[in-house]
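For clarity, chains are labelled A, B, C and D in written order, and residue numbers in each chain start from 1.
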Amino acid sequence: MTSVAATAHGAQAHHDDRSFVRKYIFSTDHKIIGIQFLFVSLFFLLVGGLLAMQMRWQLGFPGKPMPGGGVLPETMAPGGVILPEYYIQLVTMHGTFMVFFAIMPLLVGVFANFLIPLKIGTHDMAFPRINMWSFWTFLIGGVVMLSSLFVPDGAARAGWTMYAPLSARHDYSGASIGQELWSVSIIFVGLSSILGSLNYITTIINNRAPGMTWFRLPLSVWSLFITAILGLLALPVLSGAAIMLLFDQIIGTHFFDPAAGGQALLWQHLFWFFGHPEVYILILPAMGMVSDIIANGSRKPIFGYHSMVFAIVAIAFLGWIVWGHHMFVSGMNPTLGSSFMVSTLVIAVPSAVKTFNWMGTMWRGNLRFHVPMLHAVAFVAMFVIGGLSGIFMAATPVDMQIHDTYFIVAHLHYVLFGGSLFALFGAITYWYPKMFGRLMSEPWGKVHFWLTFIFYNCTFFPMHITGMAGEMRRLYDPNQYTFLQPWQPMRVFISISAFLLFATQLIFFVNFWWSLWKGQKAPQNPWEDNGLEWSLPSPAPHGNWEKVPTVYRGPYEFSSPQVAEDYLPQYKKLPTDREPARVPLAGH
Amino acid sequence: MTHAAATVDQMQPPYPAERGLDVYNKKLGMWVFLASEVMFFAALIGTYVILRFGATGEWARPGIVLNIKITAFNTFLLICSSVSMVKAYAAIQDGDPKKMRFWLLMTILGGATFVGIQIYEYVHLVEHGFVPSGVREGSELAALVANGTLPAATMGLYGSTFFTMTGFHGFHVTCGVISMAYLYFTKALPGKYSKQDYGGIETVGLYWHFVDLVWIILFTIVYLI
Amino acid sequence: METAHKRPNYILIWVYLAVLTAAELALAFELPISRNLKLVLLLFLAVWKAALVGLFFMHLKFERWNLRIMAIIPLPLAVIFILAGMSDHIW
Amino acid sequence: MHWWLPLKASTFTGPIDGLFLAILIITGIAFVLVEVGLIWFVVKYRQRPGRKAFYTHGNTRAEVIWTTIPAVTMVALGLVSNHYWVQIKGRNSIPPNAYPIGIHAKQFEWQITYPGADGKLGTGDDFTVRNQLHVPVGRPIMVQLSSEDVIHSFYVPQFRVRQDVVPGMDIKAWFQATVPGTYELGCSQLCGLGHYRMRAQVFVQTQDDYDAWMKQAAQEASQ
């Protein structure tokens, strides 16, 4: 312990003598790794958005040259007019970037890394070097995926779900290197997530501060813990599947090629066995962070803390037995469809419990509408739409009509954009001071919020309607179908809203960058919150605490009658509080 | 906590919050990692089971394509190396680093021999015409397919699943051998393990036994069934 | 670092594993029994061997229950996956 | 432009549209409840100086209520849905007297095989037509779906019928058209760069018209 102790208090007291490279590039500090994830995945978010804008151009104005499209090569968009083969690359890469390189790393890579040690009260992750590798493998995966956009015959083009055998055989898809790079990249993503998850799990189990019992953990930590378990067990399945897909592509195996005895549905089983837990990986951390923000904004303890925890656990458990609902019309055994339908409908229950508990938290509160709170309330409002529209497709007969239509696109964007991304905007604004020592601009944050809220709904809500009318997904030009031609004005409306939505996000990016240098200096506890991270100066120093704080109570003691002010930090010792028992760790 | 002092950046709380899992970080981390490894092999083995179960034709009977004798020996070898690993662990628990080094070295040798034999097996199989895409045209095995000893319809799947599963197992064995050799030279030889601090041996041992465990399953379902 | 439990006889486990492997080989290639019975018996032997390795070599038998749970959690998931994938073919 | 689900042109439209409406009502109630509640709370409990929030950690009874109601509703919904699912897609759902039509999907067209005069597939008088699906009205049709290359999906929005066409699998689906007219059959599973133009015309005809068309088409096909 001696050598450790020597550096542990180096944080605040004396200056940090690590070199620039060790400090900011090959850093093992969980906060720096979190911030590295933040910058990289915000970049990929922008890439994913740009791809979506091109898709929307084609859907809104088919056959017209795209402004600025002239820079694209002849094989993609001659004269700026998008070709069908480029369009399906856009579809594929938009989904891939957003799911694997934007939302997932933003939620897990950024906030699991940044928040877990700060919120449970420890100096760093259990395995800091493995944590560093988790970032670098992710970056390799991202660079590989990005490079696939620039190979001669283009990026992968079988949808982000990579349904075989379209993805498995190059003569079917028409792309070769792009498809292979996709598989390679996904293997790296899987590795990165596994390394990250095992770190988060070990850290949360073993390294909590004194007094930080399981049921004093903030819900954000609970949700990140459960998410880590999902990631730990789901990502290896994806990696295994991607490896087999890669083998089909390059060494001639036949796992997914029915022409040589393989099974096309096997890929779907593997993919969705990973993919449904993945859906919860993409929403649970958002739910957790929103719980923290709503309790703070309402100045009230979270309503039904224990049932919130059990709801997270229930969602995670049920998340493993619902994957077949992506395959109701795939030719899967229909009896299996029945059981998947029931488990899928049941998973709505814990989601409903969470929603009502958030409302219960706001009920009789004293609501402060700072920017994170606005996003959190919007999260609840939008997540409800995404959750409820999920019930339509859970009912198997209705799914017959809306499967693979824009109804699904609307649903998943209501959950991933309306849910996860709103939560992320809120969370970034909320913990920005602890990351960078400055506050983001409040007025611009509000402008960004309201414009996003409006244009987001204008973009995605109409998709429910065209989806009901039967507009299929991933169509290069829906006007091929007579029954879809009358909907063209709606597509134009959606496209224009989408452009405005994208433009609005630039406000966020500018605010983010501007505040890095010019933002108002943040006090130690700008939101008057209870978490352990707010006991540190902003930005949090290397090594966090010289001596980890002791925890005396749960994280949501707002408006407690015990104190005059309306918050009571976990680390604040009242005269009535007793020191937690010190339990020596056996076997050390 | 002594073994936690490996890197300067690795800082632990002075005492734990409550009894976590009552195991030190490395060991817990290894178990968590093994859980994800179970899922990885579940994907590969599950694929094999589902493909074989759903195959339209008969599957090749065991013992025709694959050399059972040499693999049975290899299985035995891996079991032996598991025992030698656990002997090394027991030795250091008793505070006998010399004995620990001996058993660790035996384990490394056993593992390396396993990999060597597997490479030999692969070379042989490919010479006979068994490749990941099935059976090579004009090879010895192609003749067996032609005369009906081997089913033509499922040989492609047989090759795909066989090479993927055993290949990834072999990759895991190789990783194990490398990490054990690394620990042998950087920790065991300089005498860094003691009765009080043997976390590295126990952790790498867990990994090694897991690899052995996977092979036990693979040997049965790939070679014998 | 101390182990509270009594140390198992590792050599005995090794003998068990070797004998069970021999039994598997004999079962697979020598015994004239139906294929389905063979399948069940071979799987049983494999699980037995795997359990021996897990319980004694990885000393799961002597760990706290919550570490055992961590080791067991992935197994039902794997079984669910395989059964669902197989059920496609008994349609 | 039809601002709802598409025209009802098969027997599946009744249960599917009914179920859709039922779910819309259930989710609509939940939606209004939550959104109105949120807005109300946002306005009523907005921060005012000198006020402290009500200090509570929850209410077990309220939580039991709002766990039980969704649970019961969801299970009931599951049972009702399953009842129709079994009729539409279940193992034994295809009526024994269904008229067989073979549909072979390939990048990027539908090859539709008609059973000819004897009403049976796999006999000598079968004939194949590209991208034109003719079906008699008021009679259960069984489509036998197969694929040449990748996964396609058989989708006629007005019939509310959708079934993926998976290579290596012989999948049977059925429907019964109720309204004569012309519809479109689309591929709804990404199948490659020509996915968007993989469409076929669907003609629902009276039995007489259908028989007449088949006679003529069979003749053309044999030439």
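Keep this in mind: a residue touches a chain if its C-beta (ideal position, glycine included) is under 8 Å from a C-beta of that chain, and two chains touch if they have at least 3 such contacts.
Computed from a prediction, not measured in an experiment: that's the story for all the values here.
Q: Of all the chains shown, whose C-alpha centre falls nearest the centre of every protein C-alpha atom combined?
A: Checking distances from each chain centre to the full centroid gives A.
Q: Between B-C and A-C, name the chain pair that shares the greater number of C-beta pairs in contact.
A: Here the pair linked by more C-beta pairs in contact is B-C.
Q: When the centre of a chain is set as the mean of its C-alpha atoms, what distance in Å lies between subunit B and subunit D?
A: Using C-alpha averages as centres, the distance is 47 Å.
Q: Rounded to a whole Å, what is the gap between the Cα centroids of subunit C and subunit D?
A: Roughly 45 Å, centre to centre.
Q: Could you work out how far the Cα centre of subunit B sits from that of subunit C, in whole Å?
A: 15
Q: Using mean CA coordinates as chain centres, what's the subunit A-subunit C distance in Å?
A: 38
Q: Among the residues of subunit A, pick out those that touch two or more other chains and give their numbers.
A: Expected reply: 233, 237, 262-263, 265-266, 269, 334-335, 587-588.
Q: If a residue has to touch 2 or more other chains to count, which residues of subunit B qualify?
A: Answer for subunit B, listing residues that touch two or more other chains: 21-23, 28, 32, 35-36, 39, 42-43, 46, 50, 54.
Q: Quick one: which residues in subunit C touch 2 or more of the other chains?
A: Residues 1, 73-74, 77, 81, 85, 88, 91 of subunit C each touch two or more of the other chains.
Q: So which chains actually touch one another? I want all the pairs, not just one.
A: A-B, A-C, A-D, B-C
Q: In the complex, go through subunit A and note every residue touching subunit C.
A: Within the complex, subunit A touches subunit C at residues 229, 233, 237, 265-266, 269, 273, 320-321, 324, 332-336, 587-588.
Q: Residue numbers of subunit C touching subunit B in their complex, please.
A: Result: residues 1, 3, 7, 10-11, 13-14, 17-18, 21, 24-25, 27-29, 38-39, 42-43, 45-46, 49-50, 53-54, 56-58, 63-64, 66-67, 70-71, 73-75, 77-78, 81-82, 85-86, 88-89 of subunit C touch subunit B.
Q: Sort out for me which residues of subunit A touch subunit B in the complex.
A: 1-4, 6-8, 28-29, 120-124, 126-130, 194, 197-199, 201-202, 205-214, 232-237, 239-241, 243-244, 247-248, 251-255, 260-263, 266, 269-270, 543, 547-548, 551, 580, 582-588
Q: Can you name the residues of subunit C that touch subunit A in the complex?
A: Subunit C residues touching subunit A: 1-2, 73-74, 77, 80-81, 84-85, 87-88, 90-91.
Q: Along subunit B, where are the residues that touch subunit C in the complex?
A: The touching residues are 21-23, 28, 31-32, 34-36, 38-39, 42-43, 45-46, 49-50, 53-54, 62-63, 68, 72, 75-76, 79-80, 82-83, 85-87, 90, 93, 195-199, 205-206, 209-210, 212-213, 216-217, 219-221, 224-225.
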